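Shared chain: subunit A. Partners: subunit B in the first complex, subunit C in the second.
On to the complex of A and B.
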C-alpha cells in the first residue's frame, strides 16, 4: 500500500514540476498569474512539496479559518509569504524564521473560496511554493470584528496570553494577542491591525520576525515551533498600524 | 466569484434537471404509535438533490386537532408537510411547536401562519436573530427548493410543564446543550418522546451552538424518561437507549479529543488531521461534522490553556 502510494506520488511529481517550469499553477487559480509579479517580481517560482500548507477543506467559520504552514527539509529560508489569491486583501502575513523552525500556525478571515499559498524565498533567490484550496461561505473580510461590538476592547488591546509546551527535543509556543484586526472593508470602520511582531531572547537575539496584515483573525493566535526548549527569556514585541505597542514576556 | 457560480452551474445542471421541476419532497408519514406520525428525513447535509429534507418532523392527531412538531427546512417543505397531514386526517392543525432555532426545524413555519407557533423564549430570540442568515444559507446549499423561504419566527412563548391537548397529556421540557434552548416533548398518553436534536441516530451530532456539558446533562435526564418510542431529530426512531448512547459516546469522544489536544498544545489544523475511531465510522457525516465541530468548539478549549503574559 505504502509503496503504491509512493509510486503514485512519483508519477504525479513529474507533471507538477513541468507545469511549474511553464509558469502554470498547480492550484489552478485564475488570479495567480496576475498576482504573481506583485509578490515575487520576475523571480523564479518552483512548486515544492516540502512547503506544506494545512487547513480545512471548507471554512466553517469564515472569520477564523485555521491555517498551518510547515516547511521540512528546505535549507536557507529567508522569508515566507502567505497569500490568499481571491481574498479582497490578498497578503495575509510574512515571516522570517531566524532561529525558530520554518513553521507557523494562525487563523485568518476568508471572504470566499480561495487558494491559500505559502511562498518560501531561499538564499539563492528562488521561491518555493505550496498551497491548498479552502472553500468558504463568505463574509469573513467584510464583517466587522466581534470585539468592536464589545465596548471593553480598548481595555484589553494588545494584551498577550501565552503557553509553552516543551521537552529536550522540541517545543511549541502558542500565543494570543487581543486586537480587533479590522480590515477596513466593513462600512465605517477603518483598517486597524497588528503590523509587526518579533520574538527575541534575553540577549536580544531575534528568533522569529512576523509581518501581519488585515486578513489575520481578530484576537490572533499564533503557534511557533523550536528545536529543543524555547529560547530563555523570550519576549514578544511589536506594534499595530496606529502605533500602539505590544510587549510581553512569553516564555521562561 | 462569478467564475465559481459558473462552475457550480456546470456541475449541478445535469443531475438536477428532472428533480428540480417538481420540487416534490415525497413526504410520507411513518406511524410510530397511536395518533403519532413522523416524516423521516435523510441523514445528509443540505444539498440541491435533497432540497433540505434532512430532518425528522412529526405530528400528533388528537381528538381536537393536529399538533405539529417542527416544520422542516423550507417554505415548500412546510406546505407539503401540511398536504401530507391532510391525507391522514381532515382535522385542523391547532398547534405547532419549534423544538429549537435551527433552520431545518423552523424554516417551514410560513406554511403554518394561521396557527399558533409555540417555542421556548430563547428559541424565539434565536429565530429572530439568525433567521435571515439561516434562510440565505439554506438557499445557498439547497438551491431553488428554498425559493420563497423567509424566516417566520414562532409567535407564542411556551414555558415548560404539562399541557393537555385533545386528550393527549403532553409534557413540554426545556433543556439545552445542542442550543441554548432545546425543547423535548413527551406524550404521556402514547409514550412517544420527541427528543429533537438532543439525540441524533446514525447521523453525526452538529455543534454550531452547542455547550457540551449542558448536552451531557440533558442526555442523562432524557435517559430517565420511560418512553416507548423515541423520535430523534435526525435518524430513525428507536424503542430503546441506543440513539442516546450513540450520541453520548460520540460527544464524549469529541469532548475528550479536543480537550486533550488543547492541553498538549495542538493547533487546529493538526486536530483536523486526526483519525476518527472505527466505532463511529457507521455514523453518517461523521468526518465533516468532526471538522465543523473543531471550528465551533476548539478555541474555547484552547483558551483554557493560555495564561496572561507579564509586560
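On to the complex of A and C.
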C-alpha cells in the first residue's frame, strides 16, 4: 500500500520520460524511484555500460565491503555519485576526477543486501548510471566502530598512510586515513565522519576531489588511478564533520 | 573559473563553504548593547557585564500568574546528564548547548529543531564535575562553544556545520572546557578547566571569525604570556613575578583554572576572569599566597596583560575556588563597581577600573575559616580552621581533619547571580553546607587527580542557619551588606538567576521548579514543575510583541557526584534534558 502511494507520488512529480527510464532500472531496485529525485532532481538518467561498478557477490565483512567504480570511454565527467539504495544512509560518497582517471576503489559499510549504484554527471547535464547488487548478512551501519573500544583513537586521528605503484604508462595511489567514521546509528555515538578530501599537486592543481559520508568504512582506504606517474608533490587535505583537519604529503 | 573560486575559498583556511546568512549577523555593537535590547540574547550573562537583567516588562509582578508553557524540546539521547546551559537567541533562532558537548538550534517561537551538532568525544575525557556545558557565544554568522575534550568549535548558525575549530588544551593532561565563551572587540575569550589535574589556568583571546590566537594570558604567577604576530608567538610579559608567591616548582602545575569563563565591561575595556583553586589542594605544600589562584583577574583585552587582580582566598586550603563571575554595574554617582559572591562565603564589591576593595561581607550564615575581612579585603584567617599538615601527623599520611563551612562546593558555585539596576540588589543563589576535610601527601603525575585532600560533605545544624535547608536565593544589598530577603530551598541551588524590569526574579530548583518572585520582597508569585531538576540560568526575550522566558532543564552537575549527607536531599531527583519556554496566556 505504502509502496503504491510512493509510486503515485513519484509519478506526479516526475516527467514521463524520466519515469519510464527509471522504471527500466536494470537493477530492479525497490527504492530507486523514491531515491532518484533526491540525488538527481528531474535530470535525465540513462543506464550506461561505460559506468562499471565492481564488488563481491556477497559481502564477507559488512563493515568493509570493497567497491570499485571505473568509467571508461565517457568524456566530460563533472562528478560521480555512489549510492547504496537500501542502506539506512544511502549516499556513500561523491568524487570529481579533475585530473585523475574517473575511477575510485574504496570500502564501505553495508546494512543489508543492496544495489550499489554509480551515477556520473556529464557536462551536458545527463546522468549515466551503472551498478551491481551486493548481498550482505547485515548490520554494517548500526554497529559501533572498532575504534570505540580503543580509547586512544584520538592519537591516530586523521593520520594518513600512502603507497604508490607506478610506471611510465600508469600509476595507482592507495591511501588509508585513520578515522572512526561513526554513522551516528550506533546508540550513544554521534555521527563522526570525514566530509571532504582533495588531492593537489605541488603547484596547487587539484587532481581529485571527494565528498564522503557515514557509510564509508572506518579507517577508509581509497585507491586512485592516474595516466603516467603520480603527480609530483601530491598532498591530501580535507576535514571531518567536527572540523578536524587532514593534511599529508602522499607522493614524492 | 570554477577552479579559481575553489582555490580562493580553500586558501581562506575556513572549513565551511556554505553561503553566509542573508539575515543580519551578530556584531560587536549587538553584543555591547545586549543588555538593553529585549529582542535578542546574544551573550552569556545577558550582556557581557553579566547582570542577567532583562528590560522586558510584559511579564511582571501583576501578569506573571498567567505565565504558561509555550513549547518544550527534548535534547534526546540516552545520556541525560546535567544541563547547565544558558541559551542565546538571535534572528528568531535559539542556540542551546546540552550535556556531552551537543548543540541544538531551534526556532525560538515554536521549538522546532533546525539542526543539531554532536561533538565526537574521546573516552578519556576528564571533566571533574559532570559532562556539562554552559552555553555558547554568537558572533557574525557563528555559534562558538567549547567541548569536554578542550576544543573550541565555531558552527555556522544556519547549517550547524563546523567553520573553524581550535584546541584549547590536551584532554589527556586533564584539560577540558565547559564555560560559555564571551566576545570582546571581535575576539572570543575563553578559559580552561582542569584545576584538579594540575593544569595551568589561562585566558585566550582569538579572532572570533577565524579562531586564530591574538593573545594568551596565564593566570599562575611565573608563566609567560604571549601575543601572536602573523601567527607566531611573541613574549608579552610574565604573569606576576616568578616564585614571589609560590615555592620551588609548584607554579608549573599550579591550577587556577579559569573554568567558569568571564565577563567584559566595554566601559573599562577589561575582561574579568575568576580563577580556581591552586593545585594541589594540600596547602602546606605551597606556602605563600599562590597568585593568581582564587582571584578575579582584570585583563586589558587590547594588550592581553593583567591590569589588576584581587585574591579572595590566599593560600587556599579548602578548594574555595574563586571562579565566580564578577558583575559590573554603575552607581548613581557614575562609578563602575563590580560584585562577586565567592565560593568562600564572602561577597566582594570592588572598583572595576582599579580592583580597589570597596566593601565585603558574608552572604552565608556560617563560616569556620575566617572571622571577617581586613580594610583591604583580605580574610582574617582562623588558624585552627585550616586542615592540618600531613607531614606533621604521626604517620605522615593524613593531616588533622577539620570541619569547614562553606563546603568546597561553596557558598555559591557555578550558578550565575543577577543584578537589578532597579532595586540595586544582587540576587545570589547561595548554599549553606560544610565538610570534613583533611590534607594528604601528593605528587604531580600527568593526567592523574592532583588533590592531596580527602573530604565528606555535611549539612549544617538548622539552628546555625535558621532552618532545615541548603539552598537559599538571597537578595543582597551591595551597599549595606544586608540580606534583604531570602527564599529557602531544601536541596542546594545549582541554577542561575534572571531578574527583569518587570520587577521579577526567576530561578530554578533541583526539585524541578522554575520560580518567579517579587524582586523587592521575595514573595514567590509563580512556579512551574518542569519534571526534572533545573541547574541552568533562565533568559527572557521578546518576539512579535510577546515576551518569552526560557530555561534548560535536566538534573545533574557536581552535587549528585559527591554524596555525603547532602545525597538525602537530592538522591530522589530524576534526570532529564529539555528546553522549556513560557509566555503569557492570552485571555
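Criterion: the second predicted complex is superposed on the first by the 229 of 252 C-alpha atoms of A that agree within 3 Å, B and C clash if a C-alpha of one lies under 4 Å from a C-alpha of the other, contacts with A are read in each partner's own complex, and residues count from 1 in each chain.
As a convention for this text, contacts are C-beta pairs under 8 Å (C-beta built on N, C-alpha and C of every residue); 3 or more make two chains touch, one makes a residue touch a chain.
All figures in this text were calculated on a predicted structure; none of them were measured in a lab.
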Would subunit B and subunit C fit next to each other on subunit A once aligned, or clash?
fit
Partner chain in contact with A:154 - subunit B first, subunit C second, else both or neither
second
Could you say whether A:64 touches subunit B, subunit C, both of them, or neither, answering first, second, both or neither?
first
Could you tell me if A:239 is touching subunit B, subunit C, both of them or neither one (first, second, both, neither)?
second
Name the chain, either subunit B or subunit C, that contacts more residues of subunit A.
B
Where does A:30 make contact in the superposed view: on subunit B (first), on subunit C (second), on both, or on neither?
first
Just checking: does A:192 make contact with subunit B only, subunit C only, both, or neither of them? Give me first, second, both or neither.
second
Between subunit B (first) and subunit C (second), which, if any, makes contact with A:136: first, second, both or neither?
neither
Examine A:223 and indicate which partner it touches, taking first as subunit B and second as subunit C; both and neither are also allowed.
first
Just to confirm the value: shortest Cα separation between subunit B and subunit C in the superposed three-chain model, in whole Å.
17
Starting from the residues of subunit A touching subunit B, keep only those that also touch subunit C in the other complex, and list them.
none
Under the stated contact criterion, what part of subunit B meets subunit A in this complex?
1, 3-4, 137, 140, 264-265, 267-270, 272-273, 288, 291-292, 294-296, 299, 302-303, 305-311
Along subunit A, where are the residues that touch subunit C in the complex?
98, 148, 151-154, 180, 182, 184, 187-192, 198, 204, 206, 237, 239, 241-245
Touching residues of subunit A toward subunit B in the complex: what are they?
30, 54-61, 64, 66-68, 105, 107, 112-113, 137, 159-163, 165, 172, 174-176, 221, 223, 236, 247-250
Touching subunit A in the complex, subunit C uses residues 3, 6-7, 10, 15, 77-79, 102, 118-120, 122-124, 149, 153, 161-165, 171
